[in-house]
């Protein structure tokens, strides 16, 4: 375990629409994580942050922005972007620096403000930017892709809109008791059926909103952690996966207009989405049956079902049965999105993957209150960002 | 406002596709002369197959027919840079698998396509239709249209 | 030396204005670095890249962009931004991953296309973005700041425009034989005196241009490097510094409109610029007298003189004497910017700090041809990016 | 085109400074009630001194006089978002040290200032002048002006 980094603290700014700067949110989350760790700004030897692309230069150099806002102390910083996976790439930067022996304590921060409605590209005319191209030429928004995936699931496995609604019902119930969640309202199947269709077969409530929010964690070397007064609440990072696809990637990933061609190439052993958790399991020496709970990226309700299979909770095509069995509901065998997930949070891009880890930390500490997963010992988070960014973290008590 | 049929027709992005006189379309991609991989759009000048060090790509026209992999519709106007008409007109989007190229290519559905009558696996063909009117010309885009039986 | 990472290969795309995508430049540099290392894409286990903010989404996720362009292979990637220091923050990400034991071989890439003329902010209206603010409210361009620093140097130390011109004469001579340099023309003092004043006291030729360009290095663990057939050309990274300022930062750094206030605070032991090289020397266990050569960030001719003092080549106020003594000219005691520096390259933001390292690698290998520093054994690179990003690398034979 | 003197005068950015009726200016910053540090502009709601956990800032007006730390001029038009006039008019830029606040604040030099006659260390005062005309109003900015002797 000597090569495992320890999470000493986790903190968040509640998700919502607060009308402030992302820096304000991030500082609140960072100070909360430090307080949770029993440490101060002076203990931080490295700061890694996830960038936001909608807030000008301070967002491009988020590591430096938060270092300045918390008070310049000469420490090295990094500012990384990996779309929705940004938070975990920042966690990995901090973990690597600690494992390299260059820092004992590192702070990881992600914060964002989000526009109302669809995410769209920044201003400008960029025909060589695939993200600009898919909007301009096709009007293919993120929900367009989510709907294509959902329809595919219906075709392949006979999923129905009622199955998707059941995911929303579950997650909305999970989030009721989460003080950091933006939406704390229990949805019924009837209410969902009345929600307007955005992109068939998905309705407005099937698709996650965009939010302001922030999350932070304090990481430390095992040696530093062992010297702290209170070791009972410490959580270990057993794995971090930040894998990319393997050529040819024949699944239609955002924001591409076309997949790779499989001509003249050998198909990879597993799909990109399957490979994300696989790499995490390999590093941790654990498997799906070891999980107490999971936080998966439910950009849409249907996508949560895909993740069940991608992380090995069940075989392909069995996610609907697993859901209806209650296994992924709080009280079940392996609750998924005990936090309420994106359904209750909405998306705050560089913060989201860190927020997933905050929830896992809270769960394996046994501090999740009404949404506590009984006896939680091992948690896995997973998400996927535009342009081939996989992200998964496994934490253990 | 509907595009003026008397205006010149120009592709929304030069070099991505070509319109034939019969209204059908040709997607313009790149093919690696070394490993035969096909890329669309032709983003770069080299091959992106990691086992191939091809540093040029030939021009290639992609197949004009394929099978429907998935589809949806967009009922709310996307943000810019989508050139949404006012009032907004919903449109369908299709992902179509090309057998020869072994790849999937997105496109809007031909106007008037009823997605309630579509099924995954259906045969689709490429056409060109107006996307918007930039004032001087009608800007066109490729679209996928269900092949009419018989 | 077991904790030192080795540079196995270095490669560049020549600087200039070529009208292509930054991806094309970066791939040329990456393939050149791999070829120089005697390795292929299949050997790369991690890819770290420096972002460009002027090329849409592919530039924000440069690590993923280059991974895809070189061929998806499932490897973890990171995409970091730190303004002009981006390249070294990417090098540090790769080094940390290797030292952490998570990769044996890592590729680092930076590439950019640059606009003609002044760098300006991206489109939009962002009064909370200090970089937007300084342009909108004050019209304070980068050369404005360079000129303020140059005037300060004249005031404090009696520097003259003729001293600044002498830097240009030296660097333009150094770059003559550099095939990757954009400008290969020897400047005379008379020609410089005829150049138009941009921001008094600086003339057009005192200020570096903007360029397209790319640079890449292949890093490896000491163990992996030792197993390679040809170890004679291997270069060690003795230190990487990516420090930030210490509060209160009372020097006027870009893009700020005001400095920190010193009220109620203890001034730091050394200035931010002094602290950048200091951290590198500390890590390497070396000092200024050990340097065979240095690559310093000559955004302006006057700034090169500041760096002489910041890296300890001479005491404050003695840079002009050191320059005129010939010590920093090829053939002198410690040649500075043997590559020709930014004066001959122009700035390509995420590539520049990597290009500095490429030059040092070439020098300590003894492969610099007509611009070779005799017996070069230790080289230091240094630069500073907007928003408090220090960057310095020390390489040794 | 010169700003129309009959139009309303508005600060180029609301909340950064205030104009007095005599044409002098007041920079609006934040002061930490705990450690007394001053910040300009008032970017955030908390103190950025790492040894202080102050989470509020009071409003404060900065000193209106200081000494010249350095200066230059801009002879070429900056890119947007600088609202350059056409034809471009060169302008000076000054960095001024405020003794009480122990900090340096940038500003353009008052129009008509001859930089050939400036010296580092000179006493400077804050004034407000037009920056550009947005069509509806004259947008103003703070500037540094050499204090006239006697």
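Which chain is which? They are A, B, C and D, in the order written, and residues in each are numbered from 1.
The rule is short, and it goes like this: a contact is a pair of C-beta atoms (placed from the backbone, for glycine too) under 8 Å apart; a residue touches a chain by one contact, two chains touch by 3 or more.
In this text, all values refer to a predicted model and were calculated from it rather than measured experimentally.
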Cα-centroid distance, chain A relative to chain B, in whole angstrom: 32
Centre-of-Cα separation between chain C and chain A, whole angstrom: 34
Centre distance in Å when chain B and chain C are each reduced to the mean of their C-alpha atoms: 43
Chain D residues counted as touching two or more neighbouring chains: 43, 48-52
Chain C: positions in contact with at least two other chains: 21, 68, 71-73, 121, 123, 128, 130, 132, 247-248, 260
Pairwise touch network: line, ring, star, complete, or other: other
Set of all touching chain pairs, with the criterion as stated earlier: A-B, A-C, A-D, B-C, C-D
For the chain A and chain C complex, residues of the former touching the latter: 3, 21, 51, 53, 55-58, 60-61, 63-65, 67-68, 71-83, 89, 92-93, 95-102, 121-124, 126, 128-132, 241-249, 255, 260, 268, 275, 386-389
Chain B - residues contacting chain C, complex: 43-53
Chain D-facing residues of chain A, complex: 21, 23-24, 27, 31, 41-42, 68-73
List of chain D residues in touch with chain C within their complex: 12-13, 16, 32, 35-41, 43, 48-52, 69-76, 78-84, 91, 93, 95, 101-108, 115, 120, 131, 141
Interface residues, chain C side, partner chain D - complex: 117-121, 123, 125, 127-128, 130, 132-141, 143-144, 147-152, 155, 196-202, 247-248, 250, 252, 256-265
